[in-house]
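Both complexes below contain chain A, partnered by chain B and then by chain C.
== the complex of A and B ==
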């Protein structure tokens, strides 16, 4: 810890319990509690049941979970490839061009995701790019939204990469493409997996743009949660929310295991 | 002829800021040339121009008789070792050493033998399966050298290769580098350093750089015995630099006549007399200088005296004294006329 005196440590712990727990942990616990309940009229939920979970892991909900996982996986992979490519290309550019390219990739973060959703809906509702009504429009929207994060975290890693590695490789006779695949990408791998995890988590939770775009046969989990709570089925919605949380956490955990294997320093 | 490096008035500038000014320099095949200079002198820039990481704004760089000025680094075929080694952290030692061979598409059957040979030469054969992070600084240095040697370059560039090592390891590695050079007599080595001991120990010739320019070039002995200017005199070894006026048959230093070879310098001209501290003796002799002891340092086998002579501080390294003089004592120093060098170029006093 950065604080050394006993008093300061107590103060830090107090702040932690007063602010962090109620703000971050408690709402999640409430959702967890609600997901096992049929009734919540007093301080604690009542009417213990696992019925919501059996509903949340079959039929429509299971379909939505698969939809979410496939969408997030596709979107984060696409975002990782384009984001990394763009970051590598930007690093090779001269200053003013690099700034422009970086700004371009940051745009989807600056623009509200509802606007991004609307823009994609308008843009892809007519030929020649008629994606409206297909699952692809959801995947495209998610890709656009998360590429910014992939690009940014990979850019940051490239800046930190010591140019001495590339130069040593080049002096040993390695062409730029060989240097890229054998030296730069492997050295960037920890950042790439971290970026992939971030993109995946963001895509799993995306609602506002998805709402405008999803076709009936491609309903991601957040939409289902929203629909459930919208019609008053709070406890059933909580169970689906917990499933969403667990699925996302599991994938992130797997990715982070990959990361520790790939980090060298 | 395939080896050797030639700089043909190579100028490098960043945004109009000249960091290397019209360098003319030749490294013969099999020669070790040290580029010696303080930081910012342009020595590393010169090395990077050979490696291909900076593009000269004027002049040409030749490797052997091949003009490589416009070639990208990967087509130059140079071995390079940098200060921080830059070993690939995700590869084992053997993979690091094999990297250049694989990148050049050397046949698999040939790679194993050459990797083993390079590791053998640097004494790192036992560490082949390790990762760089599992090695000490000195061991990483050896792997970096093995990696550069594995591609069998005609030219080896060493950029401050020992500066990240502690003093004891450094002298060991110096001997090691000298041995490697004996085993590879055809490889030209360009050795960039700010450490005069490394340059004097290892180099066949030293090129002294300062402020983007080449100040002097010669064998270590020439530069040490007969430096051509004040910068070289003070950067290669220690030197007393006395402001003098040329007189008939010698020089005059603050009213004291000193005998020395004047080599035809005009009488009355300003000049600098360079005398190495270890050639200055304590006591009576030819070319006497009288002064008071400013400071005295015991250095084991020698005493270093700082003597104030007529407002100038003169250093003398004398064999350890039984009864060393104390601060403020009046002493007499002397040196032989043939041990002094008169510098008439680049005189900074007036």
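== the complex of A and C ==
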């Protein structure tokens, strides 16, 4: 509707793909291509191999995959419970309290992840809470980082919630706990699963805070990818990166299937 | 009201224990040099060091440069997706969502294969010209970080813009164009004013995210590019200088939280 002649349209689309393909599509394709190669000194990679994948699904890398999945699962569940609780509690409060609570829970987005990592490292390396060197410190850091996103998306959904349902339930004599459990939570379910997917994806790719505090026996995938590229094993690193992307996408797909299910309820 | 406040207590207690108390400890430690006692000596030391001033400058100009780049590129791309739609435009916006679910350091990893010393672009150059090495050697410089940040953060501008464009009344565009107004003028006088709140909101979010970006800089592995988050990491983990790391962390938090507060005000005004 902005450009009318056929020629001009094609010109605009050409410009679009000249930017879009090299900037956004090429990086993902390149990582995929490199994961199957042993050498890249020309336009295309050479030396086809699936060896990086058999290495990436074995031993250290397999352990890192489980570590990442367990951490992401634990962190997103904890974040979902805390974030939803906070969002529901904030929605029930009056204006000044609500603003303060919302601002508090948004703060971890604004604070650099590296600083969150440093703060948790400093706080939990000394009594009374000694978590340094255990897997819990990684899970705690990831939970803190993703809770803000869970809180934000759930409180946005609460604002859009039609109050008529809960008012009807309450007018029929339902207790507040019953209204919460049987009316509000089911209505929020689609946003809750979407928030869970977001938290999971963020935790799977978290590198900044993890680099500050991971113990040697709890190494998530991003750290392993960094270790591989740092010692020059770029192609092996790409294979692990593809495993990371595939695992994230699979879980997101499963969650979106859940979401369509949830929206029918 | 009291019982409602009581219900807000458990999440606030958790946040205090796992986030606010650790942050307070960082501030406390930034005031305690290794020699003991409480003083502002760590701040004086850090502010006086050349490395800190350089990191501060690099962080700010990279973040501002990346934000401007993302705004320009994001505006042009969103404009085409929304107003010169092509078959597959929906697939493109779906792809942008997928793109956003991947970690940022993958972009730097990919750029190593595209513009690295033996990557695609240099390989093409040496194949065609027969030269010993290609002309693309910018990856280990701040320009490599800038390119990666623009690539990764542009979708953060495109998404709010597409949302804003979908609410724009197309009758205005039709009317203007039937009266013979050319596309550049329509963009300047109709679309741009409507898009301004979304641009402001997206831009300030990208600015904060760029100030805090760590993965891209770490993967670049360049000694010449040190940003504030990178300085926090290297002081704490590589040099075990915790008071120094805490000082840099406090400065970084003040800059980011200040800008993020601004972002919230702007985006609330924009209704986003």
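Note that in this section the second predicted complex is superposed on the first by the 247 of 265 C-alpha atoms of A that agree within 3 Å, B and C clash if a C-alpha of one lies under 4 Å from a C-alpha of the other, contacts with A are read in each partner's own complex, and residues count from 1 in each chain.
Simple rule for what comes next: a residue touches a chain if its C-beta (ideal position, glycine included) is under 8 Å from a C-beta of that chain, and two chains touch if they have at least 3 such contacts.
Everything quoted here is computed from the prediction, not taken from an experiment.
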item	value
First, second, both or neither for A:164, with chain B first and chain C second	first
First (chain B), second (chain C), both or neither touched by A:86	second
Which of chain B and chain C A:122 touches, first, second, both or neither	second
Between chain B and chain C, more extensive residue contact with chain A	C
Which of chain B and chain C A:173 touches, first, second, both or neither	first
Those residues of chain A which chain B touches in one complex and chain C touches in the other	none
Touching residues on chain B, where the partner in the complex is chain A	51-53, 72-80, 82, 84, 86, 88-90, 99-100, 103-104, 131, 133, 147-148, 151, 157
Contacting residues of chain C [partner chain A, same complex]	1, 4-5, 7-8, 10-12, 14-15, 18-23, 25-26, 29, 73, 76-77, 79-81, 83-84, 86, 92, 95-96, 98-99, 101-107, 109-114, 118-120, 123-124, 126-127, 150-151, 154-155, 170, 173-174, 177, 183, 186-187, 208, 211-212, 214-215, 218-219, 221, 228-229, 232-233, 236-237, 242, 245-246, 249, 252-253, 256-257, 259-261, 264
Contacting residues of chain A [partner chain C, same complex]	1-4, 9, 12-13, 15-16, 19-20, 23-28, 30-31, 33-34, 40-45, 82-83, 85-86, 89-90, 92-94, 97, 101, 104-116, 118-124, 140, 143-144, 147, 198, 201, 204-208, 211-212, 222, 225-226, 229-230, 234, 237-238, 241, 244-245, 248-249, 252
Chain B-facing residues of chain A, complex	162, 164-165, 167-176, 178, 182-183, 186-187, 189, 264-265
